[in-house]
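The following blocks contain the structures, represented as structure tokens.
Next come two complexes, and both contain subunit A; in the first it sits with subunit B, in the second with subunit C.
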Partner chain A sequence: MLLQLIISGILLGGIYALLSIGLSLQLGVSKFINFAYGDFVMIGMYSTYVVYLAFGLNPYLAWPLVILMGIVFGLIMFTVAKRAIGKSPINQILMTLGFAMILQNVVLLFFKSDFKSVPSDFNNSIKISEIFVSGNQLITFGLALVSTIGFLVFIKYSNTGRAMRAVGQNRNASKLMGINVPRVDMVVFILGTVMAMCSGALLMTMYPTYPTVGSGLSIIAWITVILGGVGHLQGALVAALIIGVSETLTGYYLGGDVRQLVYFVIFIIVLIVSPGGIFNKISFRKVKRL
Partner chain B sequence: MKKLLHSKNKDYFLVFLVVALLSLTLFVDNKYTLDIIITTVYFCVIAGAWNIMCGYAGQLSLGHVVFMGVGQYTSTILFVKLGLSPWIGMFAGTIVAMILAFFVGLLALRLKHYYFALATVALVTIFQVLAVKFDGLTGGAIGISIPYEPSFLNMVFKGYKPSLLLFIILLLAVLLTTTYISKSRLGANLIAMREDDMAAASLGVNLLKNKIIALCISAFFTSLAGSLYAQYTLYIDPISAFNLVTSEKAAILTIVGGTGTIFGPLLGGLILGPMEIFLRGWLGSTFQGAYLVIYGVLLVFVVLVMPNGIVGAIKHLRRKKTEKRQEAMLKQEVNKQHQHKSIES
Partner chain C sequence: MKKIMKVLSLLLVLVMMVSACSNGGSSDKATDDSQEVVKDNADDQDAKENLEPIKIGVIQPRSGALAVSGEDSYWGSQIAFDLINERGGIDGRMVEVVSADVPDATAAQNEVNRLIQNEGVKVITGIYGSSMAEVAGNISNRNDVLYWESISVTDRLTSKGYEGVFRIHINGSGFGQQAAEIAAKFSKDIGIAVEDIKVAIICVNNDFGQSVATGVEEFANESGMQIVLNELYDSKSTDTSPMVLQLKNADPDIVIATSYINDGIDLTKQSRILDFNPKLYIGIGSGYGLPAYAEALGDDANGMIDIDASQKPVYDTLDADLAEAVKEFEVRFEEERGYQPPVVGYLTFQAAWVLAYEVIAKAGGTEDYQAMIDAANAIDMQLGSLPTGAGVRFDENGQNERALLVAMQWQEGALETIYPESMATSEPIMIPRPNWSER
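Moving on to the complex of A and B:
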């Protein structure tokens, strides 16, 4: 039973890891504090639902369309958000809280507050010697791994990635070195939004969506990013796995309603003991910054 | 009158004037209007209490609703389970809230900007889960109803007017405290910290101590407002007592009005409070979240265009006006001298 719990915790962690990549990018590179991130995911979930209604596509096939929508949505949001990038963090928090309120309630107006879901073809559980694994969760976990590694490679070896790392380390210096910082900001913001919406499309295969689903997801993504350390993609992946496992374990042993409590408590303890994330103090060799 | 307006104590005078104007609403007889006024004053009180901590000290807390909920639960549990009068329970609630604020401050206030905001968000969720979990004490998800037995000792009244009076007194207390703080050493310390905490610390300001004091004062008023509101609605439950939207609302009212000013939260509350209730009544069936959309748009607009809120914008305009006047006087003077010169030559 313990093995089963740990495996499903790890799979759940995969979902959280996927959720946190976009936020980690926006926070690490542009220092943009996005409290509306979960609502971007929510928009992704609803666009998957709309694509399903319009063309009958299942969430995995809807990806290209969701990415397109993500680019358009990201551009629209960026035209407003760019005025706060690089300004005081409190203003960014308040502005994105405003975004969250607008998005939630506009969606509420169009879709009403009932749960919407999309049927998936991979809902069957697979049995691997005593352990049950849901097909959807397995696919999501695989995609989370692939996209984390993909992003790491992209950031390390591509020119845009190098520019991103430079901007993340020092905005002014990179401006002086001839990097087009506003363009990097735009690319990062749109990449983050697209990642948010794609993870929304994947979540649609497992969970129903409703207008306020974003606030919970937002908090999970934030906890993952901060536990992993701001700007460490690998750290966020490990943190997501820790959260996932601790959530399933406490859910089983202490009851479903305290599930959330555990990772909030972990979060507050980590914030107080080492705000730079768990790997800030533990690792011998500092995990490479983004 | 004019002398008073220009004296050192003009802010105190303005506070009393505004509250006196507000208490004219005690002569209103329509129950619906009274309800709107009470809710508006309640918003003003929460926003004012939020302003003490977050406007002056510049720490963005989204978890003030925790202090409100704790105060509400303490006074209600003491009243319903033990029969203790809310007049005492109210202050027992503030003590619990202030102890909580002390520990929260001790642990979380060392964190900066978004870390602190996130920690407070987490705090709200923790308390919501706890309130549901300990259902023996808190009534679980169903909540607690306060029995309707009107008497002075029970703080349950037949009409709405005594409640309104209580809220107005509380508002007066909040405004006076804010005015006092803004003129005291504590206020100067807080503002110095908000502008540049490193510089303030190097000048000998104890950052943590000042922040904790501000947070405790803020928690005191927030929990009082919560207890009073619970006695007014006669019902509490975890979802409404520990609701993130309530603390966001306190923040929005203050920011629209003007953070770090005495009348900012009041102005924000008086403008947005009635608007919210009106929109909820008018579009409640077709567009539930209309008021939240407007809040969101206002928040984005105010943050990007006038970060100091309405009061800040007014101050800015006045400063510009005086500058213009000075410039005009200077020009006149220069012109006069020119004329003198031309006559002489």
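Moving on to the complex of A and C:
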């Protein structure tokens, strides 16, 4: 039983990790506080649903279209968001809260508040020795790993990646060094949005969507990112696994109604001990960048 | 510049004041054009009483997250009152529906007060939403206004001893009890004696879930069923696998689960993934009855039992006039909403009908609070008198003892009624449930 719980927890953590990559990017590089992140994921879920209605494609095949839609959507959002990037955090918070309300209500207007879902072919039960997992969970976990590793490679070795790291470390110095900071902001924002929408597409294989699903997802994404250390991609992955496993363990041993309580408690304890997140020793000054 | 700013600020403040004063939702008048809207009943009461319209407040969440069901519920009442007016009203007096949009408990506070103080309504009926129902019940009771509940099931509404609060639908613990009874009946069909039944109860952690759990527990204890698990869980959980693992560990014959749609779907999915195979799986709550459930699960939804009020009226047991009205209601509802009435539509329709003819008519209007209470307490309608198969007989707390639930089951993407036999549209399938691997 314990092993099953841990495995289920790790797979759940994979979902959370995928969810938080985009936010980690936007927060780590552009320092953009995005409280509408969960709603971007929601838009991704609805985009997948629309693609399914229009072409009958299941989410795994609809990926390329969702990425395209993500780029378009990210560009649109960026034209407004760019006015707040680099400026006061309060502006960013207010603006993104506004985004959240607008997105939720626009979706409510067009799709009503019914739950929409997309059938998935991989919702089977795979038995590996004594452990049960589902195809969807494995695929999502695999994709989470692949994307995280992919991003890390991209950031370490490509020019754009290096520019992103530079902007993340010191925005003004980057400008002085000739890096096109607004362009980096745009790339990061759109990349973050596309990641959010893709994680939405994957979530559609497992859960139905509705206009206000974003708020719960936002909270999970934020906790994962902060727990792992802002801007620290590997940290977010580890934090997601911790949250996933703690949820399943407490859900089973302590009862279904306190499962979310426990990871909030872990969150608070970690912040008290190490404010920069798990992957930063007690350091109040610099938070490790990407 | 300073002067312009001062003027602008003053304008802004005035605009805010005006909008604050007019805030408070819309007020729809009944669709019958020939009514007179009279504001001041008190002065001309004696002389004009025979012609005065009867104001009835209808509160529903017509905006916000509950809006879809809220609108369905609203139209159940509105169409009922329209039909009543076309049949001559209540003793010749037309019904004037005064509606208010109540999406949450705060709005309930404001709107119910507004209906009572400003609009002068003496009867209010509602509402799809237990937290709002409780607030409405409290305020109505304080102001000697009759509160007539059609849908919400929170136990708390009818447990405070409020004389003027009546609920025609079942309450949470009643839900649990009937569900457990139905479960026992099906178990007998597969050869398990009641005292050998192992039942697992798993419910959402809110008033509804807790009330249902209490009801199931009571029945289980009285009938000798063993409760092997009794857990509440957070309905917002993304992943219900720990709950299903707990269920698997407890190894029950029957599971009685109260869920909302997201967790209901996830519990079923996880049951499949983790290979959890109880002999009977009984669902309560919107989690198991909405079309979204079958859409999300496809064939995996087959065999799931959902207990709720019936949405397929059996016309033969109804009074002829009511049967005709129900058929007309179904036509108009579909014109208005684009689909056939869901359960909440029938619930509000029948509640409005009983309110008009059995309470207001018998009390001679809405002016006499005590007369309405006495009329309500005197109602004695047998089972089968209403479209959902219910009867009406209120206990000392205003709770209807003859509310009826039926067992429905998902069969090939359609929700068929399987119990009681008199209302069944299909034979039950998959009792006991086949193992997932054998499906």
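Note that the second predicted complex is superposed on the first by the 282 of 290 C-alpha atoms of A that agree within 3 Å, B and C clash if a C-alpha of one lies under 4 Å from a C-alpha of the other, contacts with A are read in each partner's own complex, and residues count from 1 in each chain.
Just so it is clear, contacts are C-beta pairs under 8 Å (C-beta built on N, C-alpha and C of every residue); 3 or more make two chains touch, one makes a residue touch a chain.
Given the structure is predicted, the values throughout are model-derived calculations rather than measurements.
Undergrad: Should the superposition on subunit A be reported as showing a clash between subunit B and subunit C, or a fit?
TA: Aligned on subunit A, subunit B and subunit C clash with each other.
Undergrad: Should A:D257 be classified as contacting the first partner (subunit B), the second (subunit C), both, or neither?
TA: Touch partners of A:D257: subunit B and subunit C.
Undergrad: Answer with first, second, both or neither: which of subunit B and subunit C does A:L53 touch in the superposed model?
TA: neither
Undergrad: Just to be sure I read the superposition right, which of the two partners does A:I220 touch: subunit B = first, subunit C = second, or both, or neither?
TA: Touch partner of A:I220: subunit C, not subunit B.
Undergrad: Between subunit B (first) and subunit C (second), which, if any, makes contact with A:L12: first, second, both or neither?
TA: After superposing on A, A:L12 lies in contact with subunit C but is clear of subunit B.
Undergrad: Mind working out whether A:T248 is in touch with subunit B, subunit C, both or neither, as first, second, both or neither?
TA: In the superposed model, A:T248 contacts subunit C only, not subunit B.
Undergrad: Please work out whether A:I76 is in contact with subunit B alone, subunit C alone, both, or neither, and reply first, second, both or neither.
TA: neither
Undergrad: Looking at A:P208 after the superposition, I want to know if it touches subunit B, subunit C, both of them or none. Which is it: first, second, both, neither?
TA: second
Undergrad: Where on subunit A do subunit B and subunit C both make contact?
TA: Correct list for subunit A: 113, 257, 260.
Undergrad: Which part of subunit A faces subunit B closely enough to touch in the complex?
TA: 33, 35, 80, 83-84, 89-91, 93-95, 97-102, 104-106, 108-109, 113, 215, 219, 222-223, 226, 257-258, 260-261, 264-265, 267-268, 271-272, 275
Undergrad: Show me the residue ranges of subunit B that touch subunit A in the complex, using the header's touch definition.
TA: Counting only subunit B, the residues touching subunit A are 58, 60, 62, 107-108, 110-111, 113-115, 117-119, 121-123, 125-126, 129-130, 132-133, 244, 248, 251, 255, 287-290, 292-293, 295-300, 303-304, 307.
Undergrad: Going by the contact rule set out above, which residues of subunit C touch subunit A in the complex?
TA: Residues 65-68, 202, 205, 231-234, 236-243, 245-246, 249, 261-262, 265-266, 269, 272-275, 290, 292, 295-296, 298, 300, 436 of subunit C touch subunit A in their complex.
Undergrad: Per the contact definition, I'd like the list of subunit A residues that touch subunit C in the complex.
TA: It is residues 1, 4-5, 8, 12, 15, 112-117, 119, 123-125, 127, 132-134, 137, 206-208, 210-212, 216, 220, 247-252, 255-257, 259-260 of subunit A that touch subunit C.
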